[in-house]
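One structure is given here, and the rest of the page talks about it.
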Amino acid sequence: MRRLVHMFGGPGGLAGAILVLLIVANGLAAPWIAPYNPTDVDMINTLAEPSPDHWFGTDQSGRDVLSRVIWGGRASLEVSALAVVVGLAGGITLGLLAGFFNGGWLEQIVMRTLDAMAAIPLLIWAIALVGILGVGPFTVLGLTFGNEVKLLVLLGVLYIPTIARIVHTGALGESRANYVAARRLQGVGSVRIMVSDVLPNCLSPVIVQATLLLAIGIIIEASVSFVGLGVQPPAPSWGNMLADARNYLFSGEWWLSVFPGAAISVSVIAFNLLGDGLRDALDPRHTTQALTA
Amino acid sequence: MLTVLLRRIGFSLLSLVFVSAVLFALTRAIPDSPARIVLGTDVTQAQIKQFEHDHGLDKPIVAQYVSWLDGIFIRGTLGTSFITGRPVGPDIVSTLPVTLELVVEAFVLALILSIAFGTISALLRDTILDYAVRLVAVLGVSIPGFWAALLLIMLLAVDHDWFPPGGFQPWSAGIGAHLDSIALPVFCLGIFYMAVLSRMTRSSLLEVLGLDYMRTARAAGLPRRTVLIYALRNALVPVITVAGMSFGYMFGWALIIESVFNISGLSYALLTAIQQRDFTLVQGIVMVFTFIFIVANLVADMTNMSLNPRLTAVSK
Amino acid sequence: MTEELLRIDALHVAFGEREVVRGVDLRIAPGEVVGLVGESGSGKSMSALALMRLLPTGGRISSGAIRFKGQDLMEMPQRAFNALRGSQIGMIFQDPLSALNPAISIGRQMIDMIRAHQPLSHGAAMARAEELLTLVGIPYPKQRLLAYPHELSGGMRQRVMIALAVSCNPSLLIADEPTTALDVTVQAQVMDLLDRIRTEFSIAILFISHNLELVAEISSRVIVMYAGRIVETGEVHDLFAAPRHPYTRQLLRCIPRLDGSHGAMPTIPGLPPRIGALPPGCPFAPRCDRAEAICHNETPPIVWHNRQMAVCHFAKEAVPA
């Protein structure tokens, strides 16, 4: 137990880790734990208050709010996690290359481009670009993807500068370390040194940053879905559920606004707690940035 | 000092050109031709050709981009809408003030409160006040502004009638009515950044307070107030950097908040433009926001350079 | 007894359960220069920081008495202490780059300090600052007032630190390893400056260093600390001629000599004991070349020889280093 607390940088971090575990489990097990089908309409039983049958009540189409919150969590996690995966893939590759081959034109081009990319306000661009591209599903190479895939790719690309800068700083320091020179003398190739020696040594702040990006991703997905440009109805997402709830602010159906919003907040708190804890445990010098979007 | 400043400004301009090119390329990557959006699906090839010729869409993409840039930087029209046939500049200028007011007020409030709270929290570390500030900060970064908006409308506007549930009253409608109408939006917009920035102020100040030069200041027997100023001059540097970014980001959140409170500002205009598929207007608005974002970052950097002159030496 | 400027009795400093200073006695007369020598972790800096109420978080004075000009410093309220700190006791630190606020100009730092303790106008304080910079040998003092610490060289920064510390005419200056971060040539200049300051201001100095040779250069009396305790004190020439504690002896052997005798530099084998894991008996015994069975088991006695004191079972043996 004490070791666990230490691993996650304190009791807050451990609480965050447990919550995150539950959120991930919820996302994976949504089809089995949701009591109803989230898109099943029941026009006789619309806007029902929370009851033993429907713990979180039902919405304007009689759909079970609890089931929609559970499935919404799956959608939210999908977008935020895959966006981070895209950001990590791009950011680690570019950051490593720029940091390892430092002093050359490659570093200059990569880092200046990333600096310019950092001049992009994230949320506005996400909304505007999804708006321009249209919210329908799209087909690439014969595979059809939902609208949220556009959002996650976009987010992922905009995460790249943040991740790449951290990796760049780390790799810069590592590439000058003596052990790298020693590996070079042993005749080990650059790519292998980068991946098997340099990368593991600058990964800690990246893990911390990725956790904090997950929290931001959840909020952004909810926001973009809230204005109708994210997950498309009838598929549930916390954001589009809240958009529906807006029509019932005056008539007293509080459960429509409270539960999806609480789900967002709990998830964001969980990832933030975990991120802060990991930062204390892995990155005591706080090389990662506080994040805003 | 001057060279550093000029370099920063030059780089900001380059970023703006780069970012505008990306934006332009992306808007041209849409499957639908603007002609189809404007004229509908039931048109002949000849009509489309004519439309594209009229609006210069048959020119090479680079030429189109240059003419758009010319529209932005030289003529200030921000392009001409295919939908309305009018330059989009005036539309933007007419809705910008509302959004700007919301954001500026939320920003100023967030910045002042966060520095005050963060400082109190750091100075009174591990006291009840510190825990309270930290709790508010954790909640603040975790509650999305638009959800807070929904809850506050339900609780304060519907249940208690303390504030109007939405709409925007201009100054001309009376100061009281105006302030009432913007109180909730400003709060919902500012709370997130208040939380982020107070956390940063706290941790940055705690770090600085442990440094050697703060020990020197205490050894010098300086009054508490002076000691605090000495610390803040250094501790606020990262806070101001993030604050600069936050100012630009707030226009994004303003979009959501304006939509919740039915305020027709520029952000709301962006949503309408998207619905009407008026891409010139979308491009124009996004360019304005990006420009504000870049300028805000620049201003933050310059503030930091004047606050802490060592930064000009480091960035050489 | 002569008038004492500073008198510390049985000072104990602890971090939680770990005592880093274990019973230090110290007396400084007005205008006297006392050297405090020891390895890092011997508690020499912690004693000084405790005196200045500048202990790092977690550290506290667990017992002891500190009197300055007859006033009880431990009972003094924080306000009064803050007025005394800086004006009557100045302090300079090891690394002048990290010890000077990077965001504030030299002039502003000096003026703020002067005006915190003296009822001077801004202009008068500025004139005083300029005068002080001239005094510590900084060329173009007027322009330097506008400079920031990063714009000066290491030696210049330490001169500024000294000017700052003596700006309110203190009667005691605590110099905590003031030359350790500097080049050897610059080190010599700073030592000269300190010596000049001492005569000019007739200021008492507590000079803290790990370097016994440096301490001897400026001090009249030396205190040697080991593992949180004083192991030997005495007049500089007595101590150098006949060190009575084996630790002092071994420290003296580590001073490089210019008499042409080549050969490996002697060092003291082993490491200082970890605080909290002190061996029974004499804490230096495991590293001592003179240690016998008794040293490992029994706490050594305090042995006085004229004005020289040593804490050792064999302190009666005066062996030249």
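The first chain written gets the first letter, and so on, giving A, B and C; residue counts start at 1 in each chain.
Note that in this section a contact is a pair of C-beta atoms (placed from the backbone, for glycine too) under 8 Å apart; a residue touches a chain by one contact, two chains touch by 3 or more.
None of the values given here were measured: they were computed from a predicted structure.
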item: Contact graph of the chains (line, ring, star, complete, other); value: line
item: Pair sharing more residue contacts (C-beta pairs) when B-C is set against A-B; value: A-B
item: Rounded Å distance, chain A centre to chain C centre (Cα mean); value: 54
item: Chain B and chain C, separation of their C-alpha mean positions in angstrom; value: 53
item: Interchain centroid distance [CA atoms averaged], chain A/chain B, Å; value: 21
item: Of all residues in chain B, those that touch chain C in their complex; value: 210-223, 226, 230, 233-234, 307-310, 313
item: Complex contact set, residues of chain C against chain B; value: 52-54, 56-57, 82-87, 90-91, 93, 95, 98-104, 112-113, 116-117, 148-151, 161, 164
item: Complex interface listing, chain B residues touching chain A; value: 11-12, 14-16, 18-19, 22-23, 26-27, 29-32, 138-139, 141-144, 146-147, 150-151, 153-154, 158, 165, 192-193, 196, 199-200, 203, 207, 242, 245-246, 248-249, 251-253, 255-256, 259-260, 270-271, 273-274, 279, 282, 285-286, 289-290, 293-294, 297
item: Footprint of chain B on chain A - complex, ascending; value: 113, 115-117, 119-125, 127-129, 131-134, 215, 219, 222-223, 226-227, 229, 242, 245-246, 249-250, 254, 257-258, 261, 264-266, 268-269, 272-273, 286, 289-293
